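Just so it is clear, A, B, C and D label the chains in written order, and each chain counts residues from 1 on its own.
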Amino acid sequence: MEPVTMAKAINLSLRDALANDDSVLIFGEDVGTLGGVFRITDGLQKTFGPERVFDTPLAESAIIGICIGLVLRGFKPVPEIQFDGFIYPAFDQIVSHVAKYRNRTGVSMPITIRVPFGGHIGAVEHHSESPEAYFAHTAGLKVVAPATPGDAYALLQSAIADPDPVIFFEPKARYYLKEEIDTAREVPIGRARIAREGTGVTVVAYGPTVSIALDAAKAAEKENISLEIIDLRSLSPLDMPTILESLRKTHRAIVVHEAPVFGGFGGEIAARIADDGFDLLEAPIERIGGMDAPYPPARYEKLYLPDVDRILEAADVALAYG
Amino acid sequence: MADVVQVAPADDPVRPLFSPAGELTAEARATLGLSPDALRDLYHKMVWIRRTDQEALNLQRQGELGLWGPYQGQEAIHVGTVAALRETDWIFPSYREFGMGMCRGIDPAEMLKLFRGVSHGPWDPRTYHFAPLVIPVASQVPHGVGFAMGSRFKHSDDVVLSTFGDGATSKGDWHEAMNFAGVFQAPVIFLCQNNHWAISVPLAKQTAGSIAERAQGYGFPGIRIDGNDVLGIFAAIRTAAERARRGGGPYLIEAMTYRMGPHTTSDDPTRYRTNVELERWSAKDPIPRFRQWLEGQGLLDEAALAAINREVEAKVETMRNRLRATTAPAPGEAIFGRVYQHPSDSFLEEREEFESSLESN
Amino acid sequence: MADVVQVAPADDPVRPLFSPAGELTAEARATLGLSPDALRDLYHKMVWIRRTDQEALNLQRQGELGLWGPYQGQEAIHVGTVAALRETDWIFPSYREFGMGMCRGIDPAEMLKLFRGVSHGPWDPRTYHFAPLVIPVASQVPHGVGFAMGSRFKHSDDVVLSTFGDGATSKGDWHEAMNFAGVFQAPVIFLCQNNHWAISVPLAKQTAGSIAERAQGYGFPGIRIDGNDVLGIFAAIRTAAERARRGGGPYLIEAMTYRMGPHTTSDDPTRYRTNVELERWSAKDPIPRFRQWLEGQGLLDEAALAAINREVEAKVETMRNRLRATTAPAPGEAIFGRVYQHPSDSFLEEREEFESSLESN
Amino acid sequence: MEPVTMAKAINLSLRDALANDDSVLIFGEDVGTLGGVFRITDGLQKTFGPERVFDTPLAESAIIGICIGLVLRGFKPVPEIQFDGFIYPAFDQIVSHVAKYRNRTGVSMPITIRVPFGGHIGAVEHHSESPEAYFAHTAGLKVVAPATPGDAYALLQSAIADPDPVIFFEPKARYYLKEEIDTAREVPIGRARIAREGTGVTVVAYGPTVSIALDAAKAAEKENISLEIIDLRSLSPLDMPTILESLRKTHRAIVVHEAPVFGGFGGEIAARIADDGFDLLEAPIERIGGMDAPYPPARYEKLYLPDVDRILEAADVALAYG
């Protein structure tokens, strides 16, 4: 297969899901005629018709709320939230219902909520949020974030096939990453991958920060520093065995995400490493993330977000420790 | 501008059945087509669910239930609604529709587990086409609309009954759901049980407008009717449901009634409302009203009444006994058992640890 | 039931000014009391904000702005609204009201900082009584209502103008805010700029009902009017504002207009709409329409037009130069400077670390 | 002064705030005539009138949304959200506006959002949530939770006086805790307190878990184990100096909250201790919290929530470590 962008890989994954399972429905703001503001749903309405791929009124809470009823009626809804910053109006439906409905009734809730997330796209306010920690903390949900086109394809297949609700975070700044993908490869939810092997320091990343971590690893190599990059793929459940396995080699860890560090999901990762890996750790875990301030105007986003330099510095500190 | 002016559909078969004040017309009442048995059954069910409500209050006082939310005064709505629907039509209730659930055939002793604090949802909604009682106000309204949209996609003629209180109409979710219903022409009947109070907040502080009239703004009709007349409820719901089945789209029914009891057993209504109001509404109590009507029609005599009361007492007795005998699931199952269909290893480990820590204590 | 039936207030001074189709009547137009200068100024402002819109589009293409959301076609609303209000009346805009901000006296070069990506809100709302542009759709509507409630509590006769698009009316926040306004009789004018599109979603898919008619459901009047007639907008807003000042409560104005450009510079409207529609609306373009009217009244001749164009070009030139010369705050200030009035020590430390890391690189 | 309950202390604090500052407004569902479902606002409308203490329609998003406008108009809003589980519909207004409005405009936002939170009250679903992690992770907010009547009084005074938005979490299961209070004592935001001195293990708690931690300390004493109990009072900002100070004595830490552990605020605390206190730590930090499942039916809440036994076990493990 030709190399495809992540945007295209997600489009293909949706297309295959629609083709293989009549109960899959795709809807949201501008996903039909327009094919989505990022063209992720491009052409799907044309192929599958307006009863399976449709535009909704502008109302995120209802977009998620109707999913519950659609599931009870036998559908598998795959709604899109247009941007990360517009998932908040749907927070109650997600936390009070999507996450809890099975616990309440015994009825499984195969709902996959797609959310383009993260910064680095030069956008205005509310278009560059990283709200994953809110959902990872919400029992009843599964939360995933692919970093590559191939994983995006496969992970979305797993999410849609999963009988439980999944928040599917798409690193929108990586929509144009390209690679050849193998649509037969399976990526189960809950399994991290080693994006690059290394021996010096473990770098835990997900979504948009994976490629930054990989860039850092390349740069570090020149200084004879070896970084092992873990791409979590799944935040909840979290694949601790893979992280600890890496730690057994490196004894040092860095966690990188775009969200502000304070109270962010990096805290969970670091706390778990520091607990389960207490005897393995030879240096404090550095958490690298957005500043503890609201996402800034676009001009400043590069300074606000993690970058290669901050990872390299953290690696130096970790390696020099003790 | 005329190019975009939209008006509520002219097709409104419900309105002709009612006077402008929302009373079922004598003519409509005479042509409902309900058999004497069916009419008596409506009465029987109202008595049954009221007695059950009282019993639940007692059980709460005795500590058998943690909380109870009485629906006294709203029985005509509970009973008339279920009677007017097909069994395969789904009902999406709020939290006060215990009586509706009973009419749908759910064992009240099982349902009470919710108020006993042993289950968040003690029945399978798919068995009874009765969604779980939902506590965050108005949040269930989009669920019903989603179901109804799905019915349309499946070309099914099942309709949805979505019910909520007057307070619920202030919530964003209510509005978003109403608007979706209009846009997607979803076969859903919205039933507002306007009982004049949202805990301590009276209707006049809840909204300055008319709830029924809001339907027009969403492109479908609405009507305000007497919510204490079981036959009026029956007629309105059945007619609106038939219209929805035919593809006529949503309908909003605002049924005016009164919450005769406290909001819940945690509430003390003497702090915010007067007895005068309660007395005024007692005069419109749906049960004696319907009894008198049945008696007037010669459909109910002393013997029948006594038989109903005996039967109801027996059912309540059964419920009480069954409730006391109901079991609660084991803690591991209750806390972890239904969260995920495909739980992760770490989740299962947490459950195991939890269960073994219980054993060791 | 009659005890609780509420109807929209009979007091509606706006409706008599308009034909049923939403056109300002000739009589009302003749009695607006605007001087020739004031009328010419309305025209001048419309030309100015349109030229500025075009220039911003250019600047975006040149890379000077990250994004631009054109308001071409909606100038009558921007200009007429501000002219109809007092300076102390607050405006709570959505994100497309750049022209309103200009009419309120905010330097457009400063305002553009938002679209240039150097500031989330480049003016102090208290200076211009003009709240920040707000991006989450409809989320600003409760803000305006809160302000208006506060005006009432302070016994001030300042009113609030809350504006939003057709898409915004689908959001829960819009509904909750409308309902609050009715309950608290807040002095607020709701102005829906119904430009027929919410990105790619046409009005008919946004709602099956009438937006203006929804007002009744909240207990206040609403009207749908021609949004491309600056004098109609002026008359409606001024009259609704006077009513609100007198304590008459909220009013909803649905101004029918058309988004002639793309949603933003990121959008490609050819994917979802036809040129036919655009051409139809071009015929109703508010600027030539008003020019013809002014000419017909003998209030505008070639010389005056040329003078206006010259003046506008000069202003646009100034804006362009000023924009290129505007400075951006230092990163530490831009990221951390306005988050808290009382930041914690740890927050200040983080800022310091950030700033010193910048220096060391 | 007579001993007062926490409920009464909060009532007094609101009363004093209303009396001392004309710009303070109190509103929410049932707070006026009824005086709140917990009677926290009892009598306030009577004293201060319905323009300063008023009932609103049932709409949490608007209850928070109007605060922005009221602040611009010169008021200091102190809205009540009736129960923890009903703050989610207001999430967008809190995250997108309350937290970010000053950053956007330069206008300070003195808003205090009162939220009774936590479990142990035998309630039905959605009445026992612990959503503090969602807000602690939101830059622009301050988040506090008192554990005693005196702190509740004083911290609420600080919150209302603060020019920045504060989420004020009230541990509703402790509303009937009683103590003498000193209304002149100041409790600044951002300052933890040592609720009980000890030398063996540091227990970090806040809100409803403080008294459980204190009970555990009493029980531990009998076994000659000395627990130092830190009552955070303020989650954001977090008083790390006080925690580290304690760690210098104990070298061991336990974190206790009612929220599910996964992604919870305990992760932030543990990650920070493991980082700043890396060389001090002699045992892994145990996090004790609610199970990683939705809040269960009332019958099971005691088993779901932290209790004295789980704290004691964790202390044993920490002390036995290494």
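Just so we're on the same page, contacts are C-beta pairs under 8 Å (C-beta built on N, C-alpha and C of every residue); 3 or more make two chains touch, one makes a residue touch a chain.
Because the structure is a prediction, the values reported are computed rather than measured.
Colleague: Which chains lie in contact with each of chain B and chain C?
Modeller: A, D
Colleague: Can you tell me which chain lies farthest from chain D, using the average of the Cα atoms as each chain's centre?
Modeller: So the chain farthest away from chain D turns out to be C.
Colleague: Could you grab the centroid distance between chain A and chain B? Build each centroid from C-alpha atoms only and quote it in angstrom.
Modeller: So the centre of chain A lies 40 Å away from the centre of chain B.
Colleague: Per the centroid of Cα atoms for each chain, what is the distance between chain A and chain C, given in Å?
Modeller: 36
Colleague: Residues of chain C touching 2+ other chains?
Modeller: 120, 136, 139, 170-173, 176, 179, 183, 205-207, 339, 347
Colleague: Touching two or more other chains, which residues of chain D qualify?
Modeller: 57, 59, 61-62, 85, 88-89, 92, 96, 100, 103-104, 125-126, 139-140, 238, 291-294
Colleague: So what shape is it, when you link every pair of chains that touch: line, ring, star, complete or other?
Modeller: Shape of the chain contacts: complete, all pairs touching.
Colleague: Under the touch definition given earlier, write down the residues of chain A that touch chain B in their complex.
Modeller: 25, 51-52, 56-57, 59, 61-62, 64-70, 72-75, 77, 89, 92-93, 96-97, 100-108, 139-140, 142, 162-164, 190, 237-238, 240
Colleague: For a test of understanding, state which residues of chain C touch chain D in their complex under the given definition.
Modeller: My answer: residues 90, 92, 120-121, 124-126, 131-132, 134, 136, 139, 141-151, 153-154, 160, 172-173, 176-177, 179-180, 183, 338-342, 344-347.
Colleague: For the complex, which residues does chain A have touching chain D?
Modeller: 61, 85, 88-89, 91-92, 95-96, 99-100, 103-104, 125-126, 133-134, 136-140, 236, 238, 259-260, 262-268, 270-272, 274-276, 278, 283-287, 291-294
Colleague: Provide the residue numbers of chain A that touch chain C in the complex, in ascending order.
Modeller: Residues 29-30, 32-35, 37, 55, 57-59, 61-62, 85-86, 88-89, 122-127, 291-294, 296-300, 303-304, 309.
Colleague: Sort out for me which residues of chain B touch chain C in the complex.
Modeller: Contact set of chain B toward chain C: 1-2, 4-8, 21-23, 170-176, 179, 182-183, 185, 194, 196, 203, 205-211, 213-214, 216-220, 224-226, 256.
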